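Look for subunit A in each of the two complexes below; its partner is subunit B in the first and subunit C in the second.
Right, the complex of A and B next:
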């Protein structure tokens, strides 16, 4: 057999591939074909939407995929490519986008592009002329130029275009009191009207030679109303002028039209603001105050949670290792329960139990005392840690039990022979070994608790509220829930500031992880 | 080597060809599927009301050839999705929503003005007031919603004439907590607003056109302080009628269990009370002063996207179809709230529960949608909760008024 396989190797270049290779090749081609079909379809749709950048990216990525899988080399790339693509889409892109938003003023009032803001301002500045009637209209066309055939309240017909004010049409055709056709003009059907929506929306027919009489516009193609515009846009100067007050609003680079008095027109638009959001986070006193104490509390919360969970878990694990313990199986079952319930439910139940007047804890355990578990700033912090420990210690208990069992008994025996006592054995031998195996779990647990949004949000919504700041921050808010509140609650959202906060949080957590892991390595070195 | 390479090339070309065929088919069916008029409206609707709109959508397609696609959305995310997607061009032509979004939607420039024309007179006044922002109508209203007092008619057979009378009647029936209203750690000013207005302290004054005027903050007037004093007297250190530990769930449970005879809440909770077998009566909100206790009215409606490419068809669909009595009645049946169109509201009021809410709603005032209101909400509930919990009413209310004024700027 060995001989045949060595012999077939040089022959393969000349001989047709074996049936197995052909089948796998076919599978490969079909899979690639499906991938190509999907990306081709995607490119089609993207190009139709004028989304050229994304289309080019899709083309480049699918070309790369084809090249990698059709070639005979790049074996590692064949394994890595799908993962890398998902990594890029779901992690790298999200990170980069968050980073990008952190450098913009994206938020309430700065939501779209400048053009959209201009259009929206102009549209909403139209005021219907007071006490003006509604005019039945027919949209008409003359050699591609649109006009409005208007019936006035007296029943007379008028026609006008964007350039020509309304003029009387003596020989119009009427249907039920509405002028429907005029000589020299083609009347549009409703389908034609819909097909030319953009033109009709923009069409304003001056009512008379006097611009103060306003212009007729039709929002639905069958009725027109007389409007006056209160804002005028000067495209070359890039300014908005209020035609009634004469105030000029100009674009001074802040993402909105601003008057000399400092008054801004809303909506504005998105611009890149550089490091403004980061600078604001650290300098604006109403933000800096909360940011500082929320950061401190976040550290306290995360460290206390990890330390207490680990301590309690370890204590129980050691207790249960003692051979004199009876019924260990049942105790373990009980201990695992908090971990087995969905945390969401548990937290909500705790929230109910900690209610000051109706909660189980005050009513039953404390005989009707009114202890403000969740409404006193300091007690609320204790409560949050308490509930988190309740949720988290079973996990640490499991980890410690496993880690303890992995430590060979001989070590303890040897230490005892050398004259060490119980506590000494534990502190000098078991604990270091335990720490080196559980360190990664502790770091991960720290990172998790640093961003433990669920607990804070469901238990008390970060409350009690701190009434001294303008941010909707409470005394138990962690950085992550503060970011959520800045970005997604209330009527003034600030996605830019929230993204800047996320980046700061990321830097903190990443920094701690790097330092801790390098320390862990040092710990391992010592043991060696 | 040569053979294999050619094989791969051949197979590769087959793959590419099949890819073309696949996409080609897709594109072809896409072209064929479009409505002949080339128009298509996308409408975001909250999940409960999709069915109610199907009839109107089909009728519109039959008459005009414009296809109407109803997209069912989660009510909790519609607003944020709309604000974020409209500028990207991905948003719908029309979305369902509530009038108090208006400040946010206009500040972000995502809604287009809507001309109701002469049909504006056919709607309830409060609906039109709510749909108007800065003198311009932006919303086609379809329902009006406000809170009222639910009474357990088996426990207390007669309606209360005043706030004190309500408590007395409940206590006479042997209840320790006769009246419940939803609060919570951060207060709930929406539910306390009727009492505040009874003291003559609305949030904002109105200008000549009837719109709320953000520069005329009425919160800190004399009535506001009188209200704060009263609230303090009904709080922790007083009668204990108001309690921030009573949240929505606890209030509901107390009423359903019969330990409370009166519940100040909205139509959304009537269903569960009726299902629990309670003999529910809907009463006007009893006033602590004798002046009318005016709740906020929330108006629901449809908004037109600022970036819609089908504004003409969308406007036509909104004003002439969704504004019709039949559609408004359909929507009423799916949500059990008062239609915004007067004629439909009259028809719906044959139901005693709706009639009860509608009678209270006659006094209701539209909740302010101006962006300044965001600054009010931010401090309002927290201050009320503090007063209920025994903080000095005068100082707390003064700080509230000052904070709000400073935030509005």
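Right, the complex of A and C next:
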């Protein structure tokens, strides 16, 4: 098409085949500079947080990127690197990390390390020590992180943050016996203190490395008091003791401090629990039950949706395949509209129309009936499929129209010669051809509907809710929306269990995909 | 279209002498087709008529929207645009930003990868292509937990890229889009004759020049398709956006509008409809204008 014009274009540029003109060299230097600046900053921050593993990975990756782009070799790598980095981080790493989380107890109450749990338990049970001296303080800030600049009774200055215990500042500035500024820190003005009151009153600066020494807190930004925890941590025995009740909580390997009575201190911490989540998924009946029926429904939903959309799409394609048919253009426009309208919006519209007491369908189409379209477990499933057919048939209509037109008319003629009639021609000749050409689309469509989160979540929130299980699951939830609910809704967010579910789903989907791909040999295309 | 039309004409011409155009005959031939087409068209269009009618209805409630086109006004449009609780224009801007940047960046990244796979022969090429397709079988939605945890960790180092940022969301979308895009474009790149590259090379053009000034222009149709599909996908994406974007003024249309009607009984249904119409118009217009290419692009990738 545009070949003639482009073929003449290079003639203009008879430059020698230099590896790069000055401009492209400049672009390269600027882009690499940006990448390196970001990496440098990341490494700096990571080292500050003692996160050495990730820091080394960042250094290695940015060294690799520089090497690839500064070298004259590795031409394919120059084109593949940008995409591969994103793919590696947000697809491959996410997959691996999901696998890892599936083997932990990560979730509400278990979302940090053991040390963080100890510190947060001690910090959350702080009580002011009666008659403790007051320490004059100045609230200071470093890169948005608040700290306290404290003057102790001897007149020495100390600074600390929520994460770093107090340490001596040798060269602080004093004003009337009170330290008011320290190098590297910005002192907050009175207005700043007012503006950030909530943050400042919540700040607890550990007194020393030993969490049992308590912390300093300031109610007003100018005087701090010593607070001690009602819990006492014994590092050698690994136990927590409540100093008021005398109850001892010990670490029995479940990721939390547990008393003899079975009472657990929250937060606990994150531990690897091996196959516990998977074992729970398959043995605990309140989880296994939903997992089984949600899996079955997911298959029913995906298969029914694909079959009905394809059926209706094919029917329409055949309907319009006639030279005498008038107005095809206008029908086509109307029929495509559901596919063109953003799906999440139309699902919400259907949600409103299917409302049992106020919806358009019951009020107008069924003359005031109250049919529980979305609140009866079985009818809700029918509704979900109905809405999905509405959303999906135009796509299949377009695909089938294209595929039907690709079947040579000579085949029909030859079959007619051999005595086949209309329906016979269609069933024995066209349909098999059609199915073989559209198979990849059908597989892709199945995979899409298998994980059609938007439809079930936005139409009915997966409801009606199943009250017989402890999981926040409803009767129309698909596997994917079940994962979302287990992970992100309800009182207890259970990232570990949700990730275990994700892995189970991945194994199912990958299994189906491998089987169907090897059947249709669609991958042959790229093996050329 | 043309070949089938011609053969149909031929067929009908052949049979014409035997045919009396009675009403019964007409129905068997084309009449039933109109019945099917009208029935399905009504099914296809009535939810959209409902949302248009309810957007034009100044009344707010779901019940009030049931009498189609009983009242007409644009109050609900003003309500959604001026409601401080629901910063609709912010959502719209956020969505355009996220969808636009994602579309441009992911199309460019996909094109770079497709060019390498299509034009260069290197160790691991076949393996790379298959790996990309296989990795893509793990939908990003399933990794939502891991993505959330990872983004909150990134936010500790880089607040600008972490949770609750548009850059973070765009990066996640970019990671998830590469496989499909590369695969779609790879097939199209293969249809561009290699001779063009070679001619340019002889004329002294470097690989970057060939890619940016020649190839990208020749594959412009597939670039448009991929970019448009990407816009539509990120426009409608709800799960990851709802997990990553926390503050109302950072959210996208999908997250914001879903929240707006989370309780249909009390929701301002007309305002939602007005918002939905305004959000849908650009997408529908773009889609209808380019539908020919979209269908071509999808079927070229799948139906061979």
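Structural remarks
The rule we apply is simple: the second predicted complex is superposed on the first by the 358 of 528 C-alpha atoms of A that agree within 3 Å, B and C clash if a C-alpha of one lies under 4 Å from a C-alpha of the other, contacts with A are read in each partner's own complex, and residues count from 1 in each chain.
The working rule: a residue touches a chain if its C-beta (ideal position, glycine included) is under 8 Å from a C-beta of that chain, and two chains touch if they have at least 3 such contacts.
Predicted model, so just to flag it, every value in this text is computed and none were measured.
In the superposition on chain A, contact of A:92 is made with subunit C only, not with subunit B. When the two complexes are overlaid on their common chain A, residue A:302 makes contact with neither subunit B nor subunit C.
Judged by the touch definition given at the top, the superposed model places A:267 against subunit B, while subunit C stays out of reach. Contacts of A:491 after superposition: subunit B is touched, whereas subunit C is not reached. Of the two partner chains placed by the overlay, only subunit B lies in contact with A:465; subunit C stays clear of it. In the superposition on chain A, contact of A:396 is made with neither subunit B nor subunit C. Subunit A has more of its residues touched by C than by the other of subunit B and subunit C.
Once the two complexes are overlaid on the shared chain, A:355 sits against subunit B and subunit C alike. In the superposed model, A:344 lies in contact with subunit C only, and not with subunit B. Once the two complexes are laid over each other on the shared chain, residue contacts for A:437 go to subunit C alone; subunit B is not touched.
Residue overlap on subunit A between the subunit B contacts of one complex and the subunit C contacts of the other covers 13-14, 16-17, 41, 49, 355, 358, 488. Contact residues on subunit A toward subunit C in their complex (touch as defined above): 2-3, 6-7, 9-11, 13-20, 24, 41-42, 45-46, 49, 51, 75-76, 79-80, 82-84, 86-87, 89-95, 97-98, 101, 106, 144, 312, 315-316, 319-327, 331, 333-346, 348-353, 355, 358-360, 363-364, 390, 393-394, 398-399, 402-403, 405-406, 409, 437-438, 440-441, 444, 447, 451, 453-454, 457-458, 480, 483-484, 487-488, 495, 498-499, 502, 505-506, 509-510, 513, 523, 525-527. Chain contact summary for the complex, subunit A toward subunit B: residues 13-14, 16-17, 25-26, 29-30, 32-33, 36-37, 40-41, 44, 49, 66, 70, 108-109, 111-113, 116-117, 119-121, 123-124, 126-128, 134, 190-191, 193-195, 197-198, 200-201, 218-223, 225, 266-267, 355-358, 374-375, 460-461, 463-465, 467, 470, 472, 488, 490-492.
Note for the complex: subunit C touches subunit A at residues 1, 3-5, 7-9, 12, 29-30, 32-34, 36-37, 40-41, 43-45, 47-48, 50-51, 61-63, 65-68, 109-110, 112-113, 115-116, 120, 122, 125-126, 128-130, 132-150, 156-159, 171-172, 174-176, 178-179, 182-183, 186-187, 193, 196, 199-201, 203-209, 211, 213-214, 217-218, 232, 235-236, 238-239, 243, 254, 257-258, 261, 264-265, 269, 272-273, 276, 279-280, 283-284, 287-288, 291, 295, 298-299, 302-304. Interface residues of subunit B facing subunit A in the complex, by the touch rule stated above, are 1, 3-4, 7-8, 11-12, 14-16, 18-20, 22-23, 26-27, 36-39, 64-66, 80, 83-84, 86-87, 89, 103-104, 106-110, 112-115, 117-118, 134-136, 185-186, 243-246, 250, 306-307, 309-313, 315-316, 319-320, 371, 373-374, 377-379, 382-383, 386, 389, 399, 403, 407.
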